[in-house]
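Chain nomenclature is as follows: A, B, C, D and E, assigned in order of appearance, with residue numbering initiated at 1 for each chain independently.
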Amino acid sequence: MAGAAIEFEGVSKWFGNHQVLTDIDLAIVPGEVVVVCGPSGSGKSTLIRCVNGLEPFQRGDLVVLGDSLASAGVRMPALRTRVGMVFQSFNLFPHMTVLENITLAPVRVRGLSATEAEKTARTLLERVRIPDKAGNYPANLSGGQQQRVAIARALAMQPKIMLFDEPTSALDPEMINEVLDVMTDLAKEGMTMMVVTHEMGFARRVAHRVVFMDAGRVVEEAKPEAFFAAPKSDRAKDFLSKILSH
Amino acid sequence: MAGAAIEFEGVSKWFGNHQVLTDIDLAIVPGEVVVVCGPSGSGKSTLIRCVNGLEPFQRGDLVVLGDSLASAGVRMPALRTRVGMVFQSFNLFPHMTVLENITLAPVRVRGLSATEAEKTARTLLERVRIPDKAGNYPANLSGGQQQRVAIARALAMQPKIMLFDEPTSALDPEMINEVLDVMTDLAKEGMTMMVVTHEMGFARRVAHRVVFMDAGRVVEEAKPEAFFAAPKSDRAKDFLSKILSH
Amino acid sequence: MSYQFKWSVLWSGQSGGWLLQGVATTLAISGLAWILAVGLGILAGAARTVPWRPLRLAGTFYVEFFRNVPLLVWMFFWYFGVPPLLPRGVQDWLFNHSAEFWAGMFALGVYHGARMSEVIRSGINSIPRTQFEASVAMGLTTFQAYRLIIVPIALRLIVPPATNESLNLLKNSSVALTISVAELTFQTRQVETYTAKAIEALTAGTLIYLVLCVSIAWIMARVERRFAIPGLIARGG
Amino acid sequence: AQPDTTAKIKETGVLTIGTRTGSPPFAYINKDNQWVGFSIDLVEQLVKPAVEKEVGRTIKIEKKESTPPTRIPLLSSNAVDLIAGTMTDTPQRREVVDFSLTFFYTGAQFLVKKGSPIKGVNDIAGKRIASQQGSTNAKIIREKYPQAQLREFPDQPAAFQALIQGQVDAYTNDGIQLAGLKAKSPNPGDWEVVGDFYSEEPYGMAMRKGDVKFKAAVDAGLRNGFESGKYFEIYDKWFGAKGELPYPMTPTVKAYLLKHSGK
Amino acid sequence: MLDLGVIVANFKFLVVQGLFGLGGFAGGTLRLAIPAIVLGFVLGIFIGLARLARSRFVSLPATLYVEFFRGVPLVMVIFWIWFIIPQLLRLPIPEYGVALTAFVIFEAAYFGEIIRAGIQSVPRGQVEAATAVGLTSAQTMRFVVLPQAIRNMVPALVTQMIVLFKDTSLASIIGYVDLTKAAQIVNNREIKPFELYLFIAVVYFVFTYSMSLFARRFERRLAS
């Protein structure tokens, strides 16, 4: 698809002999928010990690912001500055303050001066609603705060795409919303987002499209209203009945 | 209260100088299912861990199945055989098979013969719906299966009371129901249960009473219908709005 | 003067016999010391994790005192310092029954027991506290929880570091030559002084140690795999 | 190629000797922590001038510790040039090193606690005997008196310590060394040196085999000493009536030394 | 019973010569231990990194190096360097050089293992997060992995340094006049082993125990 921000073209991936992604075809246009869901082990994380090259794949092609990842020439670090990623387990650098976490890449990779980087960082901290935590170490923040710092850290590189891999599933229930709210803001500002999550409320409210995976394949793709109202596949029905009922 | 299975009478507890439980008064009658909820750090785990003596407390008294825990004479191991406990992180013994995990205490503590213990264990595995996993090691089970083994292990001592501390919050969303279903069965059979959980659906359907804690105090106690329809305190309202909206 | 190799010195004359005796003595002193070290290590390692201060202090004192002074000094201590404190009869008996061997064995065992206990303690500490809680929550006593749950898990976790420590013990048995224990290094040097062939003798001694260490490491790797807790220790060949 | 120590000394200006730290009065560290002794004086006063003459420059003496088990490897590894301590000249050792002229003559005896039943080499069956690892005495006991329980120690103090504590019943070494040990011990009266020499122990200085020029220089120095009487002055300093260890030279010994010096 | 006079009379020799190595003899425990620790650590960093290298041409020799030295007693290594290397190189090495070389190459194998384990102890997620913000692998190593790895390693490193410090007592067997040898020399003429060995045991203990206290403090600070 011309103009897609992310385009999977028959991507397949194996861990040893074990195939974890099978013939994935999927295109995401700029400004689109896609939620990926599916049972544990279905390949959601693997899928999203392919987009910024954390996982190599063996067949097919994946074009991200115009660069084909299958071709040899692509410079990964450069690509990654344009694709931000947020992990389930935050992965803040524990030996650095919040500010240092956020300014590390802008200074080291984009070559900003420390003062410039710090200015941007403070703006971002306001955006994720913790302006007063700049000097703290990650260990002294709650999970929700840590995850919001992680989002700020990714945004500091001014990425065109943001990837989220279960950003709220390591959080206490009361903190989930603070993170989802920040993500909702981002979506409203027009960021292109791929989000692996089980928060179906978020999917319903924010996503433009829901992608349901099972056993390494994209089984269903639909607008959220359609998906939640009437999932087409049995796998998706079963899955939704399990996670929506409790 | 006469005839209570568990009765807190002005229980207070400190960690060093930090008070984590303040004047708790709470009675639970045999057969009752009580769900404890509240923000992180409010003292829910501490409260429930007092019941089987995993945490000592400094003031007040706690009478469990007729034994006063504040009095010096009580033999903890004996009491604990009558109070089962299930943890958030399963805590199966990784070096033992499922069967060995379940029969350990009956053989070592209650002095059952290995064959008797095994018979009971197999019945329990059916009850938690994994009769075919007896020979597996915990590492080869999914989270939901591990937690069900943990429940069977606690039941093997034929306890009069079961305590659950966030039994589903370490689980993938699709597995939560398998555990909640087993707990629902238990409740229907008349087990006295204290359950710390954020699964409000379970609380609504199964609990006889919801206890809301904040900052080490019991702030609100009510039937689930009343609690969810119209929480009285602002703290509870705020809490419910946070965890029910996503 | 260019060196004239003469490897035959290793098997001609008494050299071969000496080296074999050396291996036997090394294995005997290390084996006995190992049993002592593991016993002391388990006692002290467990003592330092129990919730009773005097026992913890005793364990800490033993560990810190013994592992912080060089083994060489301990060799002299057990060989020269301790016997005079024993009753005359025991002294005579000891002096007639290889006192240097027993002193060396003790020095090695007690010294490495202190180090072994550190290995065991960190093994025990690496087991989540909640495992202990789960055990007592079922009605096990503290002692049963340690015996049935904590120690069995810890023992499996510590196989690799304990193997390392055991190899250190084997190698450190060479220090016993300073108190006249005729172990492998002693015999290597004996061969060297009798034949004046230093390279050959040292090569033989070095290779024997290597073979001993590699075989023990190999055996322990098999033990580790045999008793590995499924899913807990992901270690390949 | 033949070793050529004189060329090396000429180049570096240093003669490195291997000697003992605990064998009074031949070589030991005294109360002022200086490394002194009879063997060291012989090198300083007799050998050094001869070597200087040979290489045509002034040289310095450096000392390293060598013990019976280490001295031959040290020599062959070039770590030292000359062993000047208490090394016995034996035919077997001559297969691997060269010896200088004999500079002292003694024999193996036993050091025991006063009143010990051990009076000589014939009483040692079943007894615990300390020796130094790698020494000639150890070898003789091991081969000729296998009924004795031999304990070999890496150095003299360890062996003597074992004797003091009763770990062993006797310590065997060259008589003169035992006498030196006894004299320097805190309670000389507690100990006695017993037994006839059960071996002959002529001391020589050892050097790398086949180093003809160097050996000639060392021997020349010693021979000069015997001839000029300088040797006997040094002997007197250490073993004379007012010396560290009075040990008058018997005529037989004197004759032996002079005979072997080639006179 | 205890005759401390012998310590007083020889205090200067034991401490100045034995501990610091300032005296007439080649010696000194600290003069040997400190450079051995520093150099052994530096060599260990290279070995540890080499073991983690992706190329087998780099990792295999490093692995062999580590396995070899962990399979041989230190005493043997000292003898090798004392007797054999001079023979092969045809030039004598002074005691200090022998001891220093032996300790550095022997202990580097152990330091290398600690460094490798320290690097591997940093969670994968940290590397992924650093990679995901665009850092190169060298930058990831320098800014994210090594700073955390070194903190994780400190207790093990200090323990190994203590081991090395104590091991320097073995230099006495080649006539290097360290603390242990100095005590032996004094004992040669005074015959007061109990007092002398007790004294040096205390000196060793003071050094090693303060090192382990430091390690413990550090461990606790990290845990909080």
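Before moving on, here are some points about what is shown:
By definition in this document, a residue touches a chain if its C-beta (ideal position, glycine included) is under 8 Å from a C-beta of that chain, and two chains touch if they have at least 3 such contacts.
Quick caveat, the model's predicted, so the values are computed rather than measured.
Shared contact partners of chain C and chain D, listed by label: E. Hopping across touching chains, the smallest step count from chain B to chain D is 2.
Using the mean of the Cα atoms as each chain's centre, the chain most removed from chain A is D.
Centres computed as Cα averages put chain D at a distance of 36 Å from chain E. For this pair, chain A with chain D, the centres built from the Cα atoms lie 82 Å apart. Centre-to-centre, using mean CA coordinates, chain A is 52 Å away from chain C.
Shown for chain C are the residues in touch with two or more other chains, namely 3, 80, 177-178, 189, 198. Counting partners per residue, chain E has 83-84, 87, 173, 193 as the residues that reach two or more other chains.
In chain B, there is no position where the chain touches two or more neighbouring chains simultaneously. Pairwise chain contacts in this structure: A-B, A-E, B-C, C-D, C-E, D-E. Chain B makes touch with chain C in their complex at residues 52, 54, 76-78, 80-81, 83-85, 87, 89, 91-95, 104-105, 108-110, 137-140, 150, 153-154, 157. Chain C contributes residues 128, 130-131, 133-141, 144, 148-149, 152-153, 156, 229-232 to its touches with chain B in the complex.
Here chain D touches chain C in the complex through residues 1-3, 68-69, 72-73, 76-77, 93, 95-97, 128, 130, 133-134, 139, 151-154, 158, 161-162, 165-168, 208-210, going by the rule given at the top. Residue ranges of chain C in contact with chain E, taken from their complex: 3, 64-65, 67-73, 76-77, 80-81, 118, 164, 167, 171-172, 174-175, 177-178, 185, 188-189, 198-199, 202, 205-206, 209-210, 213-214, 217.
Residues 16, 21-22, 24, 28-31, 33-35, 64-67, 70, 73-74, 76-80, 154-157, 160-161, 164, 184-186 of chain D are the ones that touch chain E when the two sit in their complex.
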